[in-house]
Amino acid sequence: SSTQPKYNANKPLGPQINYTITGIDAGAGIMTSTDKALKVYGLADKNWQLQPSSTAAMTSTLKKAIADKRPIVVTGWTPHWMFTKFPLKFLKDPKNVYGKTEQIHTIVRKGLKQDDPQAYQVLDHFHWTPKEISSVMLAVNNGQDPANAAKDFVKKHAKQVAEWTKGVSHVSGHPKLTLTYIAWDSEIASTNVVATVLRQVGYKVTIRAMEPQPVWASVATKAADAQVSAWLPKTAAKLYADYKNQVVDLGVNMDGARVGLAVPKYMKNINSIEDLKK
Amino acid sequence: MQHKIESDAETKIEVRGLTKIFGKRINRAKEMLKNGKTKPEILKATGATVGVDRADFTIKTGEIFVIMGLSGSGKSTTLRMLNRLIEPTAGQVLIDGDDIAKMDKQSIRDIRRKKLSMVFQGFALLPNRTVLQNAAFGLEIQGMEKNLRESKADKALDLVGLNGFADQYPDQLSGGMQQRVGLARALANDAEILLMDEAFSALDPLNRRDMQDELLDLQEDMHKTIVFISHDLNEALRIGDHIMIMKDGEIVQIGTPEEILSQPADDYVEKFIEGVDRSQVYTAANVMIRANTVNIDKDGPRLAARRMRDNEISSLYVVNTQRKLVGILDADDVRAAIDAGKKDLKDIVKTDVPTTKMDTPLADLLDAVSTTSVPYAVIDDRDRLHGIIIRGAVLGALAGQEVNVNV
Amino acid sequence: MQHKIESDAETKIEVRGLTKIFGKRINRAKEMLKNGKTKPEILKATGATVGVDRADFTIKTGEIFVIMGLSGSGKSTTLRMLNRLIEPTAGQVLIDGDDIAKMDKQSIRDIRRKKLSMVFQGFALLPNRTVLQNAAFGLEIQGMEKNLRESKADKALDLVGLNGFADQYPDQLSGGMQQRVGLARALANDAEILLMDEAFSALDPLNRRDMQDELLDLQEDMHKTIVFISHDLNEALRIGDHIMIMKDGEIVQIGTPEEILSQPADDYVEKFIEGVDRSQVYTAANVMIRANTVNIDKDGPRLAARRMRDNEISSLYVVNTQRKLVGILDADDVRAAIDAGKKDLKDIVKTDVPTTKMDTPLADLLDAVSTTSVPYAVIDDRDRLHGIIIRGAVLGALAGQEVNVNV
Amino acid sequence: MFNLFMNIPTLPLAHWIDSFVAWLTQFSGFFGVLTNFIGSIVNAFQAVFDLIPIWLFIVLIMALTWYLKRDQKYRGLLIFELLGLLLIWNLGFWRDMTQTLTLVLTASLLAIVIGIPLGIWAAESKTVSAIVKPLMDFMQTMPAFVYLIPAVAFFGIGMVPGVVASVIFAMPPTVRMTQLGIDQVPADLNEAAIAFGATSWQQLIKVQLPFARGTIMAGINQSMMLALSMVVIASMIGAMGLGTKVYFAVGRNDAGGGFVAGLAIVILAIILDRITQSLNRTR
Amino acid sequence: MFNLFMNIPTLPLAHWIDSFVAWLTQFSGFFGVLTNFIGSIVNAFQAVFDLIPIWLFIVLIMALTWYLKRDQKYRGLLIFELLGLLLIWNLGFWRDMTQTLTLVLTASLLAIVIGIPLGIWAAESKTVSAIVKPLMDFMQTMPAFVYLIPAVAFFGIGMVPGVVASVIFAMPPTVRMTQLGIDQVPADLNEAAIAFGATSWQQLIKVQLPFARGTIMAGINQSMMLALSMVVIASMIGAMGLGTKVYFAVGRNDAGGGFVAGLAIVILAIILDRITQSLNRTR
């Protein structure tokens, strides 16, 4: 708690944080990876443990620790506002437990291609970069309504959007389309942008934020038509394995996502997972 | 104990071997009862309480049947078994010849709606209903239409003297008023049989007398059968056609008020009736003594004189051949008539004799008897002389001495 | 209405101008009361119910003060204001001279614990406590140690005839038994004042008489002050030192039983006491008439003979100079004595005169009077002759004719 | 014996359950009907709320409150309602509020319609009670998360599975309190009903329910509160409303924003609470 | 007027709240004490549960049940307890179960210790009642997610904030039912107590609480159920136990596994429910 002392670079880290890595949702892919990392790097034998909590609890703990300049090790990923808001760095992962990078895939329901070929095409074409997504995320983080931020983005990047909608004709009769997404800020951004584009094409798009499992389940059971928030190969590995036969994977819509262990930048002596053992 | 069961066309309720045992080890308790163990013994041995022990009795149509007894003697239990509010452990209750224990749900419900109305010892009013709605409850259950049932309930409230309180809630009423609401609820129902458990216990004397009169009217005009539990001996004696006295779950005596008063079955009953006000129960017929008479159509002064001498009395009543009272003879007048050689009594009969009817309660006679020194003549509806009332006999009756029964 | 307020050292409870109005528009109702409106008028106009209307009365230490009246006349309300269970709208209640309305919480609590015990009209037993625990409730509140209070409660249960039921729960008891638990709870408390709201209403005659005797004993031995609400006139007359009769929240009359019976304040009271059994109330002193006497120490046969002639009687009572009863004189004997020239009455006095004490209840005399033709002589503790009892006067008294009061 | 027991392999319960869920999918027709049924209630409520102008909505709520509390103190509550609803409007949560209201009213309605009869039944039959009690424990403590995911297969996403989850979680208090209330009816009142020939139904309607009213209303009130407490979880499978706002804010680690959306829920809760409680007090 | 109102800018409520939370951090000493206090209760429970061998635990639970239900039917429950606990053991959830039990017992204990006096107070004073009722609404409907996150700043991660959140969510039924139960005590019983000179305290202890017992126990029972229903949410801020298992399984999209862990919670719920309910029935 708050009575803990500030980070002391001269002492071993373990005792300072009670050998605890602050994690997120127990079932998340990053947690599985971290469990593995504890073993691979021999941390488990040295009493290191992974504390499951939730994204919100983790970021809250992180915020508090940083405010007090206390030491902390968290499970981190990007794109996420924690990396824009806090001075964080990923720890090096020489044994490559977390994989080099993550990619975000677009997943649609089976039969979408037949039922809504225009939408299918837009979704299939949708592809952007971490830099682009960050601009939307930042706007939202600064208090702008996600839908408006997406509209702004679409307006400003007309060329790119034209690429996504190349060969797509306007549909009539306002066919309904449902997108589901995980309420992470990156996904809020991407889903809103895609929704805006699809609306321009003539669809009546509903977007629904929810937990990862229902996001996948909804596309698999055709309760929803698509999602653009599938982090692979690590984060959503289990869900992908469960549902891959019931959905259509349209491939990557963004490259360069990353997951791993992260610490505040002021923890100068800690740069690699190996350093935790010191 | 065996009691006579009168079975005739007029029987309304017949109870045979009715038994109720409360508690757990009922079979054991029943066994012990059969072996003649007492209620306290059984309570001690089994923890089961004997409520009622093999009761037999019969209630006739149109009578008021009063149940009395020590508190805890099983009166309420008996009453509640009559409409099967309490399931009997053993025995039968026949209403109009039908065994209610054997009835299906629908039939017993019909009987409860149409034949049986009940006044509860603890009132049992619904707290969230107004007085009027409480009074209309029984009718509502019967499915009667709102206006009709409320007007009926209103009449019943009038009857019990609660007009003006129709819109209050039970907790705004005094104890006696609450009891009268319960009474109104039962009366509104217009059932053939009224089961009343200490229905007047919280009433003041005036309301109580009014209610008693009401019951008597109901019985007379509408031929209702009323089973009434009371702790007030005077009340029981005043309104009861028969009185049943219970003790420890058993019936000790059943009889008319006069029978109970004049022939108590045992010491218990005797003690029970000790404080009773007999003047309210006894009638002229109960205390009259035989009058010495002469027949004006046949007898002359000489016979009258001899009869006076024989009985050491100074006056003699005169009747005609139909035993109709004619008047009274004075010893002096008779002597004078003999001296004058008259053969006839007609001239010497004094006709200003104070009279009273057979069924006049003693209470109503006291005043007159105390101020008039001549004995009252007791006559029936056809003016026939049945006896005379002397002060000593009145006082004797009030003191509990034996009186004439079934006259 | 104004009632005399006796204020002396013996006063236990004094009530002045005590008023209770239930409902909402109380000030308006109070206004209307002052302007002499009646309870029904006020109810109609304001919806407020007048419970008690400016009651003044005084209760002395060691007396049994009975409150009677129609149901809803404000008896319970009055009683409940005595221990401030109901907050009076106006007026004062002084207990031992202290105004309880002005007391702080602690003092009123102390008074309730030590001075006031209450029996509730609706029993108010705690359903989740056994009979014993219920009876010990008041003592428990006082903080008495468990063994002690349970043994006291046990004694109280004995007193009310409920030994053996100590471990049962209230809902396993009959109505009368429940009432007796409430009684035991109040008695166990050993308070100076007992407030009893229809405390015997559910009791059978035998238990009732026992309980009445119990109260009388308590009053006599322990000098308890008892305020008792009853609907039973005979009970009220039997145990009450004073009786207060209420109607519509007002006090109609306060007086001793005899005063109430012989001088009812108005038609209402008269109707109220109509059905009463006077033989339980009146004593020999109430019905005796003046005896014609001669003084054996001074008077001779001639004076006796003249007195008999003057009063048209055939016998004469003989007393001595201390008015002590010596015997009775027969007219024949007096005549014989005069003929024999005797100067003294001593030889002709018959000493086998039937006597009775002044305070013998009429009920106990009835039997004797009805069988003995000689009038009974009424004597006091020192054998002085106060009067004689003739049958006519007895019957007259029972019939409600006026009697001697305060003899 | 215990050692012996330890050698028993772990029961393949999880597997059985998966098979059971798979087996259930064949009843998709039934679930479709149910989904449509609940969906139409939701739509009806939402349509009404969307139709009524905001000012009229506020006026109606206040009028209802005044009517229900007319013999009691109501000024404080009226002021609270006015300010509370205006605040929700001002914060831009109006539509979210009506969506949440729709969710809660639908769930409460279903909880009452199913729960009260069930409670009555349980009060009357020991067997039913023996079954209903553990069932209620199950419904209240089986975490919603567990059945929400499979529920997507049966009820899709959005309001309907939110309603289903809320009903499951919120119904038990109504059932339990109904049973308790009826159990507490004094014996003599029941006897009075029986003695006058009441059918079980009449006894229930005319004696037991009126007497138990306070307790039952407490149960309904609890059910409503629990339904409201479910809105965030419901939002995790796509039920829109204030829950979504909270969910978003929490995801952004925006404590203030979450609290404000939560406050809107609380305002709604207090208004609903007060209205249901004043339903109770008129005798 | 309403148009005018629309022009008022959105109130910066969220900002105020953030400032308030920031301001609260200066009381970290106080929160530290509270954390230690709750933590020590948790540790005590957990130490006991860790000490008792499994078989003894099962025997003790069954013995307790038998003792409490000795005049009633108990065989069914005993068999259920035996099988249920053995199942939990068999599934490998024993330690998780005791952790959850620790969480629930601590939370219930605090809910009872705070809730009953509060309910009593509310029953006695209209003012208190007017404050407590909306507070309870607040506690039940303000989503735990909202205050859990800032709570981390005060209570850290782990059991303690889990207990705090559970207490907040689970306490209202105890408070409400206590108040209801005391309100329902018949007037004449209260009068009897007063007439015999009872202090308010005696009246409470000797008359009101015994009479209201059934209703209060129903409230406590509800509180326990609600505490159990919070275990998954508690696991989101690091409280260990069955909730974590559920959370973990759900995260892995393992419906069957989640259900099995949920079932263990339900078994615990049923056992706790039955034991508290039989506490009630002995008169």
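Letters A, B, C, D and E name the chains as they come in the text, with residue numbers starting at 1 for each one.
Heads up, the rule we're going with is that a contact is a pair of C-beta atoms (placed from the backbone, for glycine too) under 8 Å apart; a residue touches a chain by one contact, two chains touch by 3 or more.
Which protein is which chain? UniProt says B, C = Quaternary amine transport ATP-binding protein; D, E = Glycine/betaine ABC transporter.
Because the structure is a prediction, the values reported are computed rather than measured.
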item	value
Chains contacting each of subunit B and subunit D, listed by label	none
Most distant chain from subunit D by Cα centroid	C
Comparison of A-E and C-E by number of C-beta pairs in contact, larger one	A-E
Subunit B-subunit E separation of Cα centroids, rounded to whole Å	64
Distance between chain centroids, defined by C-alpha means - subunit B, subunit C (Å)	28
Subunit A-subunit C separation of Cα centroids, rounded to whole Å	94
Rounded Å distance, subunit C centre to subunit E centre (Cα mean)	61
Per-residue overlap in subunit E, given as positions that touch at least 2 other chains	145, 149-150, 247, 249-250, 253-254
Set of subunit B residues in contact with two or more other chains	122
Junction residues of subunit A, two or more chains touched	56, 60, 211, 213, 217
Full enumeration of touching chain pairs	A-D, A-E, B-C, B-D, C-E, D-E
Complex contact set, residues of subunit D against subunit A	145, 148-149, 152-153, 156-158, 235-238, 240, 244, 247-248, 250-253, 255
Of subunit D, residues touching subunit E in the complex	2, 5, 8, 10-11, 13-18, 21, 54-55, 76, 86-87, 89-92, 130, 133-134, 137-138, 140-143, 145-147, 149-150, 169, 172-173, 176-177, 180, 183-184, 214-215, 218, 221-222, 225-226, 228-229, 231-232, 243, 246-247, 249-250, 253-263, 265-266, 268-270, 273, 277
List of subunit B residues in touch with subunit D within their complex	80, 83, 85, 109-114, 116-118, 120, 122, 124-129, 137-138, 140-142, 169, 185, 189, 195
List of subunit A residues in touch with subunit D within their complex	55-56, 59-60, 63, 81, 141, 178, 180, 183-185, 188, 208-211, 213-214, 217-218, 221, 223-224
Subunit B - residues contacting subunit C, complex	22, 40, 43-44, 49, 68-73, 75-77, 121-122, 164, 172-177, 179-180, 197-198, 201-209, 231-234, 271-275, 277, 279-280, 363, 366-371, 373, 391-396, 398-401
